[in-house]
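Each in structure tokens, the structures are laid out below.
Two complexes are shown next, each including chain A; its partner changes from chain B in the first to chain C in the second.
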Partner chain A sequence: AADKIRLIPQDFLAELCEQIMQHLNHKIPGINTAELCQRIQTSGVDINIGDLAKIANTLSFLFSTAARNNLSTEELVTTLGSGVSTLPKHAVQVIRHVWNEQGKAIAVSEDAGNMATVGQFVDMKWKLGVAMSSDTCRSLKYPYVTVTLKVADPSGQITDKSFEMTIPQFKNFFRQFKEMASVLETV
Partner chain B sequence: MAAPEPQPEGSRSLSALLSGIAQAAFHGNADITEELLRDQLYPEAPPEEFRALRAKMGGLLQSIASADMDLNQLEAFLTAQTKKQGGITPDQAAVIAKFWKNHRTQIHESLVSQSRWDHGLKNMSWRVDLKSQLRHIDQINTPVAIVEMELGKNGQESEFLCLEFDEAKVSQMLKKLSEIEESMTLLTQAT
Partner chain C sequence: MAALRDGDFGALQILLKLVSALHNLTRHVVYRGFNRAEDILGLFPESFHQNLKNLLTKIILENVSTWRNEAQASQISLPQLVDLDWRVDIKTSSDSIARMAVPTCLLQLKIQEDAALCGNNPVVSALTVELSKETLDTMLEGLGRIRDQLSAVANK
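Moving on, here comes the complex of A and B:
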């Protein structure tokens, strides 16, 4: 992944770092790796989403560690130099610049431990369908709801999770969220 | 082909036969074999005769289930079968009709689940936490809902999705769910 970072054009790298910083500052729920990857690929760079995700994770870890240890810009650059010697010059420049501008503002979270497995709900798409017929039954006429949840995982990557619900399942799902809303109101 | 005797006993055997066929064909019960059915229900019948009976009843049940026949369609269908050469007797038609009335929903549900091969929502649970960490000034003492969803396909290991929703996100979700419900109402009105 350290090698792949040299493939990313400077302005895309700056954008990635920006998103990472915003995520660490709780301004955005997650980093839109898929969208960014697509644009980078369109610009002619051969990088896949797995590599980009690894790079995002590494940079995220770098910035949050730096925040926790209250590193100054010089200290951060020194750390970079000693650790990953193959980091290209333009990458160091971007990281240095981003940290200089926004590093002080990051509030360090102490609950990083138990947040490890919980993702953030970002958005939801849905469609309502009726399965008319199948190879085992000509007259199926089965209505169902397909839901796609946009989720930001703990590291900040945004992914889609899709699943199907029968009408009774959907009604229960709806009911549960109504209950959640009323509990949240009274707490 | 000789039809089984149209007495109460015959009805019971036929009813049980239909149950057995349904178990094997729609509910995936592989233990219900032809031999088992014959031994249990028609021990006196010669094998070829039983085979023919089973095949005929199986075929009828298959047609009825595939079309998910309502009572009108069923009556028309069975009446036609009684008039056919090598068809069924009126008593057999009565037994089949009664069986379908009692098992239609169950069998249809089984067929529906056979055609669901994307991730389904198997289970869902949630709790509300009070976030008390000073992570960001405006997040002191905010209640959040933690929702765990079990997603899975038939016969595969489940994936657990654990998500956090604050009050705003829950509202967002509720709005979308209302939209779905509205669409569903329109759908059921139209069909």
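Moving on, here comes the complex of A and C:
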């Protein structure tokens, strides 16, 4: 991952570090790796989302370990230097700057929500559609619900999962959630 | 063992043409959405054998809604939700917090990738998501709005 990190322009790297810090501080639910990757690619840099995800993971681990061990900025830079000697200068600069500004603020988490062993639900987007026609049926008029769930995986990175439901499936879906909510109330 | 004769291959070819013709006919009926005998009868040429035409029409009519449902189920679509399991837990303690009582929901969605792409071996992936009370309420709100939209559309 170290050699891929040199591909990322400094300002995008800074943005990524910012998001990681905000996520570690529970200010945002997750890191928008996919969206960031797209913008980096649009700017002409050839990086794929797998590599960016690995870099985000590594940086996240770096910052959270540093937080838990209460590292000062100098200690962090020294650790970086001794571990991954091939980190490009501009990357070290960004990491040093971000840690200097925000490192102290990261509270070693006391929050119950931090024990992420499964994905955390972030948001839901939906669409109600009617399929009018297809190559098998000229006149369909088939209603369906499309849902996109934004989920933050255990490393904090946000991925989207989209799927469709028929109307009866949707009604069942809704009913299950209402049941869940009422159980949560009473528990 | 019977020897293969030239006539056998001729017969096989005719059989293949027959199956292909039936397939085209039924697909056309499903595509046009015909559900009345007159529509289907009208497809056949004048010279076609009367009784055969009536028999075929009868059989097609009996099956057309099943075929239509199959066509709808296997059309291009996003991955489909096939199953939903859930569980409510209470987090009582962790390595960082000694005592707490935080209710949380674990949801497992089973999603089947596009049937048209997978053929006979659909790929089902499981997505496990945790929801807190707040995120569950967000979800419910969204779902409620879908339900309202559905009723509005149904009443038009």
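As a working rule, the second predicted complex is superposed on the first by the 159 of 187 C-alpha atoms of A that agree within 3 Å, B and C clash if a C-alpha of one lies under 4 Å from a C-alpha of the other, contacts with A are read in each partner's own complex, and residues count from 1 in each chain.
Operating definition for what follows: a contact is a pair of C-beta atoms (placed from the backbone, for glycine too) under 8 Å apart; a residue touches a chain by one contact, two chains touch by 3 or more.
Every value quoted in this text rests on a predicted model; they were computed, and no experiment measured them.
Colleague: Have a look at where A:136 lands relative to chain B and chain C in the superposition and call it first, second, both or neither.
Modeller: In the superposed model, A:136 contacts both chain B and chain C.
Colleague: Touching A:61, do we find chain B (first), chain C (second), both, or neither?
Modeller: In the superposition, A:61 touches no partner, neither chain B nor chain C.
Colleague: Considering only the touch criterion stated at the top, classify A:146 as touching first (chain B), second (chain C), both, or neither.
Modeller: both
Colleague: Taking the superposition on A as described, I'd like to know which of chain B and chain C A:124 touches: first, second, both or neither.
Modeller: both
Colleague: Taking the superposition as given, does A:178 touch the first partner, chain B, the second, chain C, both, or neither?
Modeller: It touches chain B and chain C both.
Colleague: One more residue to check, A:26. First (chain B), second (chain C), both or neither?
Modeller: A:26 sits against chain B, while chain C stays out of touch.
Colleague: Which positions of chain A sit in both the chain B and the chain C interface?
Modeller: 109-110, 118-121, 123-124, 126, 128, 131, 134-140, 142-146, 149, 151, 161-165, 167, 169-170, 172-174, 176-178, 180-181, 183-184, 187
Colleague: Tell me, which parts of chain A touch chain C in their complex?
Modeller: Those in contact with chain C are residues 108-110, 112-116, 118-126, 128, 131, 134-140, 142-147, 149, 151, 161-165, 167, 169-174, 176-178, 180-181, 183-184, 187.
Colleague: For chain A, which residues are in contact with chain B within the complex?
Modeller: Within the complex, chain A touches chain B at residues 26, 107, 109-111, 117-121, 123-124, 126, 128, 130-131, 134-146, 149, 151, 161-165, 167, 169-170, 172-174, 176-178, 180-181, 183-185, 187.
Colleague: Once bound in the complex, which stretches of chain C touch chain A?
Modeller: For chain C paired with chain A, touching residues are 27, 30-33, 68, 71-72, 74-81, 84, 86, 88, 90-91, 94, 96-97, 100, 102-103, 105-107, 109, 111, 127-133, 135-140, 142-147, 149-150, 153.
Colleague: Taking the touch rule as given, give the residues of chain B at its contact with chain A in the complex, in rising order.
Modeller: Touch residues, chain B against chain A: 65-68, 108, 111-112, 114-116, 118-121, 124, 126, 128, 130, 133, 135-136, 139, 143-147, 149, 151, 161-167, 169-174, 176-177, 179-181, 183-184, 187-188, 191.
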